[in-house]
Structure formats: C-alpha cells, structure tokens
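Lettered A, B, C and D in written order, each chain numbered from 1.
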Amino acid sequence: MLLEFTMYPTDKGESVSEYVARSIEIINASRLPYQLTPMGTIIEGEWDELMAVVKKCHERMNKDCNRISCSIKIDWRKGKTGQLKQKIQSIEKRLGKPISK
Amino acid sequence: MLLEFTMYPTDKGESVSEYVARSIEIINASRLPYQLTPMGTIIEGEWDELMAVVKKCHERMNKDCNRISCSIKIDWRKGKTGQLKQKIQSIEKRLGKPISK
Amino acid sequence: MLLEFTMYPTDKGESVSEYVARSIEIINASRLPYQLTPMGTIIEGEWDELMAVVKKCHERMNKDCNRISCSIKIDWRKGKTGQLKQKIQSIEKRLGKPISK
Amino acid sequence: MLLEFTMYPTDKGESVSEYVARSIEIINASRLPYQLTPMGTIIEGEWDELMAVVKKCHERMNKDCNRISCSIKIDWRKGKTGQLKQKIQSIEKRLGKPISK
C-alpha cells in the first residue's frame, strides 16, 4: 500500500520547513521505505504501520501548532508490494524510455 | 477534528455506488456526526475514532475489490468542536447572509 | 463535471474565513450551481467555466496573501449532468432510505 | 507555482498505466519542468500553462474513457521559482543531512 501525505501548520506563517522536518525525522525512524517529494511524502507499508506514522507526526505537530492541515492519498492494490519503485517503472516500460527529470 | 474522505474501487467499472453505500452504512453505525456530500463524506470526531471508521470501510471494500483509491483530508484546530456546523456559519456571518444552494 | 476545491492562505494565521468568504462571493457571482461544505466548495459545470472560477478566486487571494494552498478534485463522467444532486440520491436509493445528517 | 496532479480512468480496470503514460507524453511535450512520483506528477510553472497541460491530459483521456478521477494540489508562493528542487533542499538543510531514499 502506498500512502502519500502532506501535513503542515497553517498558523505559523509562510515558511513551515521547520515543522515538516520534524515529520521527516519521525518517518525516517519508522524504517518504512519512503520518498520525499516537493509536495509531500510517499511511504509504503501496511495500513496500521502507515497510519501510526501519520498519527505520530500529527501528535508532534499539534503540541505547538493550533491549526494543522493534513491530506492523505492511499493507493491499495491486492497482493502488490514494492510499488514505490514499480509504479514508475511500469510507466517507463509503456513509454519505452526512462522519464526525464 | 473534521475528516473528509472519498473511497472507491477502481476495478469495478464506471458506477461504484454499490460500494460507497456500504461505507455509508459503516459510517452511520459509528454514531459519529457526519455529512455526505457529492464528493465524499465529512465526519467529526477524534483521530482514533475517525481513523477506525476509515479503516473499517477499507477492510470491507478490499474483501471483494482489487484496487482501491482513498483520499483523506483532515482539518484540526486546537480546542474546537462542533465544526461540522460552525465552519459554514462562520462564512455566512462574514457574508452577512445565508449561502444559497 | 463536479469540481470540489479548497483554497486558503497559509500565511494569515489560524482563522481564514475572511479570505474564504471572498471566494464564495466569486463563486456565487459565476451563477454555476454549487454547494458549500465544511471542507470546501463543490461546483458543477464544464472544464473551462469551472477552472475560470478557481483561477479568479486564486487571483483575488494572491493580491494580499503570500502563500496559498489549493486542492482540487474533479469527477468527470461522460454525458452526465445534474450530478450535484444525483450522486447522493443514487446512494440513498441503494440504502433504501434518506441519509441522516 | 508547483502543481501536483493525479488523473486516471476508473472504468478501465485495475491497471491504468497505459492511460497515465499518455499524460506523461503530453507533460513532457510541454517543456515545463516536472517530476513523476509513484503517486502523481509535479509540474512547475505559471497558472495558465500548468492548467493548459492538465486540461490537455483530460481531453486526451476522455476520448476513450467514461469516468475520470482527477486530483490537483497547488502550492503557490509569492515571488518563488525553482521550487521543484528547493523545497526538498530546504528540508535537508533543516535536518542537516540529505534525505535517505
């Protein structure tokens, strides 16, 4: 299961990297495979372990923030693992070439 | 805390109301206040009780679906309850009139 | 086509109803059918007219805001109109009862 | 402005990489900087050019699909460009180390 989430305080002004960095520390400590993107973090795992990480990030953030926005997107596919890498590879295979960055 | 979520199978063709209806039964049974919209369901409660409902809906759906898309949006505000009604009222107050539907 | 969107400044502190109210004025002036929910606004129309409204809201907001978060969800179904009302009715029909609020 | 979007047909069964690959071709042809992630595509540009790309992808997809789900997330920050790379760098700076993948 792939879970992408974005979480930030909306009462701390324009720059929120200080708060996002804390979440990355928590995600990193979970030992789950993840990828940071410019718009969020994508983690792979099972429902309970993924949601435990998201909850931990929220609990850390709500200690000193008054309003928090969080959006989560989950893509679940029966019997599939290793999707963090395979989804892009499957598109590249279709295109017959690696995707430029 | 307000949680909006949308969950549907993507391997069951164009119409998915049969699967969405099951989720509504689960949400309804939770006794949490909720509002169904044309794009999802908004529930009010605490983190654990809200996530338990979403998980239950997913577990019911993955029994007979092979791929499920789920998106969740959470708006948390320190010390606030009754937001399911108050958020719209606060906008109406700003506008000085009820919002037309 | 149904389009749900949520747009708010993230550099204006905890309460943003002042800014959201301006968007509602713009949406209302568009004459498109819409529904305000506690988590966003759902509008029905064609691609260009919907996107014109969202853009107008963004242009109004970025006049005096430095950072704006916007999320949009679009549900398009070939040949369907009146979905703002019919999607919920289709679920109610499945359930055999109106949905409690 | 960074725009992340995910678009896929929901009436074409479990695997949709064929349809997603077409969108990547369109995005690639736009010459805008982008990054494909396992959960969507992030493009950087101005409002009109970004929305033109998303619309083109939708028009290509609705030629032979009956139902399409699309979600868009926009992060706009006054006077900022190069955010596709700088957002992650700003987190890494906070953490004092590169982010493991």
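Quick note on the criterion: contacts are C-beta pairs under 8 Å (C-beta built on N, C-alpha and C of every residue); 3 or more make two chains touch, one makes a residue touch a chain.
Quantities reported herein were computed from a predicted structural model and do not represent experimental measurements.
Which listed pair repeats A-C comes down to matching contact pairs by residue number; over half match for B-D among A-D, C-D or B-D. Here A-B and B-C are compared, and the pair linked by more C-beta contacts is B-C. Chain B and chain D have CA centres that are 25 Å apart. Chain centres here are Cα means. That of chain A falls 21 Å from that of chain B.
Rounded to whole angstrom units, the spacing between the C-alpha centres of chain B and chain C is 16.
Among the residues of chain A, those touching two or more other chains are numbered 14, 66-67, 69, 71, 73, 75, 77. On chain B, the positions that touch chain A within their shared complex are 47, 51, 55, 58, 62, 65-78. Residues of chain B that touch chain D in their complex: 8, 10-11, 13-14, 16, 66-67, 69, 71.
Across the complex, chain A meets chain D through its residues 2, 4, 6, 14, 17-18, 20-21, 24-25, 28, 34-40, 42, 71, 73, 75, 77, 83-85, 87-88, 90-91, 93-95, 99-101.
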